[in-house]
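Would you mind keeping the following structure in view while I ask a few things?
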Amino acid sequence: MQVGFIGLGRMGQAMSARILGGGHDLVVYNRTPGKTAEISKLGARVAPSIAAVCDGREVVISIVADDAAVKEVTLGAGGVKASLPAGAVHVVMGTHSVATVQMLAAAHAQANQQMVSAPVLGRPDAAAAGKLMIVAGGPPDAVRRCGPLSEVMGRRTFEAGVKQEGAAAIKLSNNFVLGCAIEAMGEAFSLVRKYGVAPGVLYDVLTEGLFASPAYKVYGQIIVGQAYDKAGFTTHLGLKDINLALAAADQARVPVPSGNACRDRLLGAIAHGDGEKDWAVMAREQARASGLE
Amino acid sequence: MQVGFIGLGRMGQAMSARILGGGHDLVVYNRTPGKTAEISKLGARVAPSIAAVCDGREVVISIVADDAAVKEVTLGAGGVKASLPAGAVHVVMGTHSVATVQMLAAAHAQANQQMVSAPVLGRPDAAAAGKLMIVAGGPPDAVRRCGPLSEVMGRRTFEAGVKQEGAAAIKLSNNFVLGCAIEAMGEAFSLVRKYGVAPGVLYDVLTEGLFASPAYKVYGQIIVGQAYDKAGFTTHLGLKDINLALAAADQARVPVPSGNACRDRLLGAIAHGDGEKDWAVMAREQARASGLE
Amino acid sequence: MQVGFIGLGRMGQAMSARILGGGHDLVVYNRTPGKTAEISKLGARVAPSIAAVCDGREVVISIVADDAAVKEVTLGAGGVKASLPAGAVHVVMGTHSVATVQMLAAAHAQANQQMVSAPVLGRPDAAAAGKLMIVAGGPPDAVRRCGPLSEVMGRRTFEAGVKQEGAAAIKLSNNFVLGCAIEAMGEAFSLVRKYGVAPGVLYDVLTEGLFASPAYKVYGQIIVGQAYDKAGFTTHLGLKDINLALAAADQARVPVPSGNACRDRLLGAIAHGDGEKDWAVMAREQARASGLE
Amino acid sequence: MQVGFIGLGRMGQAMSARILGGGHDLVVYNRTPGKTAEISKLGARVAPSIAAVCDGREVVISIVADDAAVKEVTLGAGGVKASLPAGAVHVVMGTHSVATVQMLAAAHAQANQQMVSAPVLGRPDAAAAGKLMIVAGGPPDAVRRCGPLSEVMGRRTFEAGVKQEGAAAIKLSNNFVLGCAIEAMGEAFSLVRKYGVAPGVLYDVLTEGLFASPAYKVYGQIIVGQAYDKAGFTTHLGLKDINLALAAADQARVPVPSGNACRDRLLGAIAHGDGEKDWAVMAREQARASGLE
């Protein structure tokens, strides 16, 4: 396929390399030029502008940092909307608010372009191995057209339905459930510590039984080892994602008491100077609130 | 070993059969006589009273329904405390409040008896297969003496430390983390439904990724299938367990906002008539609170 | 009237003096004898036992510290139930759980005695001045019979209905609403401080406007002045009352998220060593959670 | 003084009439021209544009509906920033987010203009009587210069300090404390109803005692009478204000569990179709969550 790719961050580099490896014709664009060096060596052409990266492409993928960036990329002067051929597909793969996804989808529809929202789950190493989980929402034929690309980037594509924002809601919900799980674990760890239990024992009980999954193993281990300094995902980023989920809940009129408990703990952690720690530091903030630190 | 066993409910029957099968000498007692029939056929002697079941035993196990029952069994006239030989061990295997466990441990210490708190994780089928998870707290030598029994009943014994209530705190925390996970899932399912997503898609994303564990698979499936009628664990029982955890948190001065969110949802479910449904019905109560039912 | 009075704490002394001053015939009893000295000088007879204080009385009032005490006084050997003449009224004026009030009411009904639950609002000085607010629940004729006593003790009696526990629920709700108001104020004070506002300004805005009432004035002033050391009502007592309200909510299946927020803050305050401060210290605990202390 | 006034809604009409009545020279502007008719009859000049209403004025007041409007009015082409003389004061009297107030203050400072944030408490009738409560934040000399205007519009001006956003934080906090009070009352009303108490009795106890203030009297009465249809302040507007307070808390890193409880209840009410009812309908939503409706 004739593919354009915007956003060469760590995820974008790994994902675009997979596309190239899959035999597709690839043009890339990144605001900061340096980041295109590696993919260029692998054989991709580097476009000097968004307009150029969209020119004549069947599919243009974007994966950028936040709502402001994707709005600028899509709706700004010389952006994707202005440049993409009619009938072509813009695949938005970043994690964005449902409101932004709805706005972008409407803009593309107005321009007779198609848009698929396809946020991913997985870290850069999974992206490099083509083992991402992709959640795709949008017009079924557009999703289908992107199939060959999903195939090289992901181990499975989950079809969220015809609404683009549905895919965003699923991605946000996954992080929401994770944040809530960490907060609940934190409460439990504080509780057992007060009764003289070594945290590692609770960790073993949880992860050998009902909670034998990455969420509890990875984050439980960080909590037990108090290994908050090497952040896989920071408290600031965690708050950003939880706030996106709460904004989606607000818009949809869904009360989310567990989500609020998570958000409050993240705020407390940041207030105590832990904003750049791994967001599992929620457990330490919980301990602090329990008089344990 | 010379073992006494009190409480022949479904769990007790399966566990005592394992002990018998392990070659130990077993006397059993149950308040309602009928329930001893099966284990009696297998070769256990049936004692007519708690005093008789304790007579000359090295270890007496009790697994009864709630705090009131274990207090009556232990501290009532002719109870375990009055009947157990000095130096022998009472293994309390029911799920009880930390306050009750502390009270019982103090009572046994006063009578020069030993007590181990050893709640179990697992259902009757795991008990029958000797695959329970056992969490044991108490004096290390007492825990060690019970080793041969733990070995036939469980697949692993987790040592909670020298305080009996520590084991209770771990057991309650496991259920606490589970209840919180169900509530958080419920919030997420309500959220995605509002954006037009079929719940099964979120289920797949969760359980193929970070949440590939029994807690999310078992309860997520009940939620997606709305299969609340066949209750594995009822809302009433769920509330009872969460309240035990909250009482432990209260006593230890631990704020538990996630636990409160779970409790409130359970109360709402019961208020709407769902007390005898599976406690995954929290997700339906959450949907109700979101205007979805 | 022929009145018995049990419980000569600070409230009881002031209330019984009012009854005596109202021209009623008064016998008093207190577990600790010393506390009856003053009322005895004023002309009350001192009874040596609960049985004696109940002997031949039309009405016996009790106001004791907690559920355990009122159960002992009422249901213990030689207690009010065993001693009060048939048809006479036991007026329970302490602050008790709805469950205990229900249990006592059932016990008295069984003994052909009447019971009125009549908790009071107000401090000892209001009691001394006969200006308490009394909330009375129970059989209308029993409430009416106590009218002359309510008249000398209180400035107004609020009729809660025929169920005794209704009066208890109202009393607990009043404290519940108060605890929630303090917590909400605490959150607001933390918020404005972060934006450089002197707390006294928010205090003025609140108490000159929508919140010109004792709850906000008294507790707002404590918060602004950080005058937590001279406790009018301690955090420990606050937690006890909020827990009684939460137990009532649990029994009635009422979710209470605001009450949970209050309870969590009280637990945090106690965990940080503020259990004997005035319960307005919730605001300091909130500030701590916000990284302000 | 030479005064400009932007925003002739119900509040703006009443406030500008007070300024005119105070003998000041007044020019007004409103996007929708019709709304200026009345104040024009009273003697104000009507300007055709924001530029014209700012021309040569010492002070320009704006009171518009929301953040979007005040940003457009201030920063849009031909807006206040572009038109106000250097050294003059823009008094922003609407209820806005702290982030917007900060942004506007920075913009004015850059243009060598002064800005005062001066949100008001009170309804149109209080505005017409010059009895508003005004909370003013900003450079002390700018606040002082506006003194003569505050005097005719308000019964008291509360000085929030040198930061403009401090005044916004106070205004938002006042509504926040109110929303929390309504939610807590709602929980208490649900609780007593479950014990057979008529809501009016709890109302009397609260409002004759610790809560004898407008917040509890006005909203308690609406709740007792279930008079939600005639909305003084709608649930939608309540949610908007609570969300502004939560955004301020988020930015300042302040956990706000009571505020979250309020927000969740508002969301539930809107989800059940009560968005245009008076926001006291939180109490009905609470009752619904308790299985009472």
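By written order: A, B, C and D. Residues from 1 in each chain.
Keep this in mind: a contact is a pair of C-beta atoms (placed from the backbone, for glycine too) under 8 Å apart; a residue touches a chain by one contact, two chains touch by 3 or more.
In this text, all values refer to a predicted model and were calculated from it rather than measured experimentally.
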Chains contacting each of chain B and chain C, listed by label: A, D
Pair with more cross-chain C-beta pairs in contact, given B-D and A-D: A-D
Distance from chain D to chain A - Cα centre to Cα centre, in angstrom: 37
Chain B-chain D separation of Cα centroids, rounded to whole Å: 53
Multi-chain contact residues (two or more partners), chain A: 249, 253-257, 260-261, 264-265, 267-268, 271, 289-291
In the complex, chain A residues that touch chain B: 98, 121, 133, 135, 137, 156, 158-163, 165-166, 168-170, 172-174, 176-178, 180-181, 183-185, 187-188, 190-192, 194-198, 201-202, 204-206, 208-216, 245, 248-249, 252-262, 264-265, 286, 289-291
Of chain C, residues touching chain B in the complex: 239, 243, 249-250, 253-257, 260-261, 263-265, 267-268, 270-271
Chain B-facing residues of chain D, complex: 257, 267-268, 271-273, 289-292
